[in-house]
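By written order: A, B, C, D, E and F. Residues from 1 in each chain.
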Amino acid sequence: MSSTATNCELITLGETMWRLSPPGQHQRLEATNSLDIQVGGAESNVAVAVARLGKQVAWWSRLPDNPLGRHVAQTIHAHGVNTANVCWAEGRLGTYFVEFGNAPRPTQVIYDRAHSAASQMQPNDFPWEQLLGAKWLHLTGITPALSQSCLQTVRCAFTEANKAGISISFDLNYRAKLWTPAQAAPILDELAGQASIVIAAQRDIKTLFGIEGELETVLHQLHSRWNGATIVITQSAKGASSFDGHNTYHVPAFHIQNPITIGAGDSFDAGLLCALLDNKPLPDALTYGNALAALKLTMPGDIALVTRHEIENLLQQNPTTLLR
Amino acid sequence: MSSTATNCELITLGETMWRLSPPGQHQRLEATNSLDIQVGGAESNVAVAVARLGKQVAWWSRLPDNPLGRHVAQTIHAHGVNTANVCWAEGRLGTYFVEFGNAPRPTQVIYDRAHSAASQMQPNDFPWEQLLGAKWLHLTGITPALSQSCLQTVRCAFTEANKAGISISFDLNYRAKLWTPAQAAPILDELAGQASIVIAAQRDIKTLFGIEGELETVLHQLHSRWNGATIVITQSAKGASSFDGHNTYHVPAFHIQNPITIGAGDSFDAGLLCALLDNKPLPDALTYGNALAALKLTMPGDIALVTRHEIENLLQQNPTTLLR
Amino acid sequence: MSSTATNCELITLGETMWRLSPPGQHQRLEATNSLDIQVGGAESNVAVAVARLGKQVAWWSRLPDNPLGRHVAQTIHAHGVNTANVCWAEGRLGTYFVEFGNAPRPTQVIYDRAHSAASQMQPNDFPWEQLLGAKWLHLTGITPALSQSCLQTVRCAFTEANKAGISISFDLNYRAKLWTPAQAAPILDELAGQASIVIAAQRDIKTLFGIEGELETVLHQLHSRWNGATIVITQSAKGASSFDGHNTYHVPAFHIQNPITIGAGDSFDAGLLCALLDNKPLPDALTYGNALAALKLTMPGDIALVTRHEIENLLQQNPTTLLR
Amino acid sequence: MSSTATNCELITLGETMWRLSPPGQHQRLEATNSLDIQVGGAESNVAVAVARLGKQVAWWSRLPDNPLGRHVAQTIHAHGVNTANVCWAEGRLGTYFVEFGNAPRPTQVIYDRAHSAASQMQPNDFPWEQLLGAKWLHLTGITPALSQSCLQTVRCAFTEANKAGISISFDLNYRAKLWTPAQAAPILDELAGQASIVIAAQRDIKTLFGIEGELETVLHQLHSRWNGATIVITQSAKGASSFDGHNTYHVPAFHIQNPITIGAGDSFDAGLLCALLDNKPLPDALTYGNALAALKLTMPGDIALVTRHEIENLLQQNPTTLLR
Amino acid sequence: MSSTATNCELITLGETMWRLSPPGQHQRLEATNSLDIQVGGAESNVAVAVARLGKQVAWWSRLPDNPLGRHVAQTIHAHGVNTANVCWAEGRLGTYFVEFGNAPRPTQVIYDRAHSAASQMQPNDFPWEQLLGAKWLHLTGITPALSQSCLQTVRCAFTEANKAGISISFDLNYRAKLWTPAQAAPILDELAGQASIVIAAQRDIKTLFGIEGELETVLHQLHSRWNGATIVITQSAKGASSFDGHNTYHVPAFHIQNPITIGAGDSFDAGLLCALLDNKPLPDALTYGNALAALKLTMPGDIALVTRHEIENLLQQNPTTLLR
Amino acid sequence: MSSTATNCELITLGETMWRLSPPGQHQRLEATNSLDIQVGGAESNVAVAVARLGKQVAWWSRLPDNPLGRHVAQTIHAHGVNTANVCWAEGRLGTYFVEFGNAPRPTQVIYDRAHSAASQMQPNDFPWEQLLGAKWLHLTGITPALSQSCLQTVRCAFTEANKAGISISFDLNYRAKLWTPAQAAPILDELAGQASIVIAAQRDIKTLFGIEGELETVLHQLHSRWNGATIVITQSAKGASSFDGHNTYHVPAFHIQNPITIGAGDSFDAGLLCALLDNKPLPDALTYGNALAALKLTMPGDIALVTRHEIENLLQQNPTTLLR
């Protein structure tokens, strides 16, 4: 993996796994005889989606030095993401099993990520001095849930990014299968307080901090709580809202008939960050995030395999459904 | 296949076939180059679904002693159903071809079950004395339609079960491709009159016996006609109704967005019987049947690959659609 | 390919290609590792659908003399279409890549048909004297867009058919990826003026000739413009309208829940032509076309794999959705 | 299916089935979850292979009038075989299950062909007067083993062909799973005595008639026994031998590294018949049969998907193994 | 899972995993997009193979209580193995990734079994009193390598089996990826000294104990070292040798052209044990083991999907390669 | 695609296509219903294989700016090859269809590469000044066969590389389906005369230049003819020979049981170049090329998905065939 990290506009850091699912529609995991492989990780999903839109992006992580780890790195590198700072190590690749549901039967996710190579990442696995060349660091609340050394690594990332003076976006991404609200809340609170932008699902704000009620109030409350960070609250099919200390914005989501839900949040983050890197104003960036999330929802896999042209087409509400 | 039939709570008896369908969605049978194999039979579908919920269940049948027959027995045994009383024989395995439709194009079923090993079952293929150890015998109106010797076997099963003093549930399951209403009506009438519970689709009651009209009246009429049996009438998406000689109950069906219909009736029977074996009251048992049918409708295959936990989740109307 | 073209009721002429699509639902072309092959071409789609309904049909074309060309001819011949006048040649098989969409992401078609063997067809590739034995010739506006020699061939076909005194149906089938409205309009106008029936999508009439407004007026206008041809205007989900110089007819389309859109227009043409060959009156023929298009919309592939029995079933609005 | 049988050079008559096999290599039938479909029947295998080489060929048979039957007819018609005299009937399609072996585990064939629509063919299903236009009729010893009415049909075919003065080739094709040597020998003996050419495997000659020993003697013996018919004895990998009343010929088989054995005998017959229709001398025709069998052995399926060019290439022992 | 463990002739105990491999031949793990699932574990492989041959067999283990664990139990139960003593637990399912080689590229196995539910088994997970009803206990040297609690469980199994007076077979099954020779040797030595039969690969004897040289001498040496146990030494394609304290036997292996190697040793053990349970003399049991291993080598998967009939066929050296 | 071309050790330039093949073994192209996609091109095959071994490699080419072109670039970039100098253009992606043979049936390649975007490459599509940073340029005799502008581009590449003072390796790679020996010989001769290393298959030397005879003589002759270039002659299974002006070397090929031949020559080039970049002596580099070719021959696809570790393992003739 050849290229160096200098001059990356966006750096993300986190674990990426194999997502293993039964082929076909509606097949139960218990009854399958084969598994489709997708590569998924909140931070690399963001990295790939943003790199595809033409930005210089790096993903830092830790992978097992075996065919599984190489498969992950290649998939991410394929889309133009710099993987030079992947730390190759002993150990296993985290995996998760997804059985897609069919309402009222829910989609099920079985994590098998404990003891992964990535969960053993440590601060000195990474060349923090390279943050200097970047514009933006994107982190999520999944990484600190994985292990003590992962928490230390994320803390170090926050410290170093702030030292380097680059912006930090932080998606709380609370995962109930990894830790309890009681475990998560103080840590996510601490980290959010150091970010430039904090992105969170409305339901997680309630679960973690008991904050609910009128959305504008919640946005203001979190803005104060997290030292003036721009707050973005996502509400699934209802869209996204944001407060930047000056204005409150709400942008509605696009309607999707058959949404394939996994990875939509990461795509929203990617669209938002890409637009901000393009110096678009916040409400346009929120809409850009919504559009990328909408397109991701139309395709399998965790990653938004989307072009700029397709986002712009959607933003123009081009109603054609067959291009020939 | 090792275990003996003693102490089974539920015994079912009937033919099981290979169900062969084009892979993928909407593919025509005429144009396919491969076939997916599922194992399906009304009585074994019930047996598997009930055994999965923790009951001791046996399935009695007749199978060809070749790889196809072994495939069927293994699939049923996998889920914990006792298959010790399968009678291994010469002959062919019944098959049926299913082409799933896409409205307004209907789903098509092509039976190729004539002359199967199962259709040649006879009373002395089975150890009727083992009914003594059981609580419940489940039979359907498919078996007597298959051949004279199948009819004799079912008649013998009714006689022996009544002799042994165990309850009999009988699902009329009228199959227009196997016999005419004129052929079926007297035989199903005769058999229903010996059952403890009779389950029938509303449309079959009309087709076979010309009985229609206000549902409560129909239930009372059938209750009298069939010597005081508990009557259960299923109405597809409208739910199920029952009269036990004392009360009339109606339970609505669950709403399913993309139902995969084959096997839902068998799953209803399985849920109903499992709940009755659990000594639940009749209306709860009807609801349990509806819930199991609802979950079956969300998955391919004829069999409800469901756990108790999932049924209970649905009964609590748990609205989560993604568990992670 | 053995049979001769004499006594064909319907002859069609045009290019047929391999249609290559990612397997499964919603997979992106960019991310696929395999491609499903379907055979598709507007004129051969019509030929196959009509031949399946019992008519003597021939398809004239030009194919590369290699396994790909043979695959195409075999697929068309399988359904009973006479392929004796396929001209076997050097060159490549036209292909097109279809990525099925998921709203709001549109279906994408990438043509790779330039320089195909078919695009090099010339008037003297075909035995025009055989038109004498036929009743009907069906052509589309795709062929003249492919090359100069294709245009000459189509002009020759019009001339020869009119000389032989057989009816010509002409589906404008404007393809924006092959030529501009400015290029297409004069040629399609010229050809439509020599046809017995002209079929066109409402939106193409507007795009090509700037004609819009009240439908009846448009029909009358085109009838005059094209020398008294019967005009059929298709409006997708809204149905089809026609004016034969005497009466104006409108028949509504059938409602399809999950339409698979490619090939529906060709199926409409096939149903219409088959009914006209059966001497059905025009409004019944329009309905027949709608019914065949409706059934095509329920299945993958470009071709309506439908039987007479199925069309008649639909026309009787038979509501059964599971036949067993 | 449009074309008429007049002017066919070769007519074959017999049952064709779906051959169902586990996908992949070495998979056991008992453990498979899907089946690949191939179309196979000794006589249609010959018909397809000869039609592909440019001859006018018809296949007469009886098929169920359902999607399975249509699939069979389409597959055979695809390659240019006239199927106008297929008799469409009620009933089932014969099937057979093939599990390919891996030495020392043998390939297993499980027939499920009893009670098929084809097994109920009768003499008056077919227009025997059309034999007049043909040059050659090809029959096998499988058909008379299927049922009494099949035997009558074959007897009728022999009588009518001899009446029409056309040549008959008869491949004994003894199938031990269909009848015993004691049942088969007198009937095959009777039929062979009316043929122009009799083709038989060396081992069947021994099993059925107890004739073994020096090959030339055997050929002479059978020539006399069967009223002067040309005798062809096949010896698998050793090649084929023949005596035409004048000369004895032996041609060695081609060496195949990974032979896929099913259908090779039919391909030999096809190559032999095609060459004789081309008026090649007998030894060249034997070699042509060997070459076509050799190429069939290199591909899956029962049918030799081969071109003249490929046979000629092989006959020139062209040693290239990669053409690019 | 219904049946109880009483009256089992053979009990095995150990971990079973999902074996995940790229589909098709020769595909690299790094480049695959899907994985075929097989169920494999040395002890359950033995259990399934012996149960298929008609013996009462139980498999004791520990599995995660999720769809993956249920898939494993169902697969093993399908073949008639009693799984009533599987201990359902929290945790992950052990997996291993197999990339089949193509000489000179070796087959690669990547274990991902650390921290599995099975590796946390403990002595009190199992009802040791049920050993009393059994005839034979089969253990391998894999289990003690998995964890301290696994080692304790195996030690307990040895103690309890000896207390119950039942025979113990112990296959050393040294796995270099799980522990070093220095770690393994003392423990395997200790355990082998308590077994009735010890089975070991010749190369492992050398690796672990440094014992090599003339085979008969080695057998005698081990017989003494391990307190008079019957010693069986396997030598892959060279066959197997044994010394029972009285006689030395050598039986050659069957020749397999395309061996699929994983699971062959377990099949040998299964054949040997089944024959001993049938009271066959030791040399016949060794041959029976070789035959079952040979048949396993002809099929994919870890498990010998074989019938008694097939073993007996092979033992008669039946040379037929196509049964039809 | 983010990285810049500066500091690449190796640059390759040429066309890359989609290779489309029937799935499974031995399936005919004519009979397939789907196609597996591989990415293949002589120069990108070299680039990927060398980049995987840790070198900085760039591949320069021209691709259509559509999903097919992106698929190609992503696949190559995945393995660490710099694709920043791909020129994105209008047009089609070259494809080729490969039907793998089964002796004596040869593998067939059908090219469909005319009019591709790559075939329209021109000198000014590429930043020749970047050659200055590189050590080595690798070109093949395929590119000049594609079009006049391709020939000009290759001539320009030779001129610029020589100007920049970097080494040029040139693999003649004569493709008989692209041009005749008479067309190819003068151009390949001209280009070879400007290279540092010329690699050619022994049979091509004879076909193109009529040079045959004793190998050492041929090597010397070509060395003189091509201005002192190091000459490497490959002889498939016989190995490779080379003369560098001082010494003649011959290294034997590794034996492969089931070789999958396409791409082996490119892998040889890659191994050779990588070793030369590592400053290994020529005979070691030839062996390194042979080893990489050998490993490629064990896997599907055109590209050697190999690690340094695997090459070194093979070079040590490590005989293990199962690593677990």
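We take it that contacts are C-beta pairs under 8 Å (C-beta built on N, C-alpha and C of every residue); 3 or more make two chains touch, one makes a residue touch a chain.
Since the structure is predicted, the reported quantities are computational estimates derived from the model, not experimental observations.
The chains in contact with chain E and with chain F alike are A, D. Within the contact network of the assembly, the step distance from chain B to chain F comes to 2. Residue numbering at the chain A/chain F interface overlaps substantially, since over half of the positions present are found in both copies. Contact tally for C-F versus C-D: the pair with more C-beta pairs in contact is C-F.
Mean C-alpha position of chain A lies 47 Å from that of chain C. Centre-to-centre separation of chain A and chain E, using mean CA positions: 44 Å. Multi-chain contact residues of chain D (touching two or more other chains) are listed as 23-25, 28, 30-31, 33, 74, 108.
Touching pairs of chains, sorted by label, consist of A-B, A-C, A-E, A-F, B-C, B-D, B-E, C-D, C-F, D-E, D-F, E-F.
On chain D, the positions that touch chain E within their shared complex are 24-28, 30-31, 101-109, 111, 175-177, 261-262. Residue ranges of chain F in contact with chain C, taken from their complex: 20, 23, 28-37, 66-68, 70-71, 74, 92-93, 97, 99, 108, 110, 112, 114-115.
Chain D makes touch with chain C in their complex at residues 1-3, 51, 56-57, 74-75, 77-80, 82. The touching residues of chain C, when paired with chain B in their complex, are 23-25, 254-258, 260, 294-295, 298-301, 305, 310, 314, 318, 320-324.
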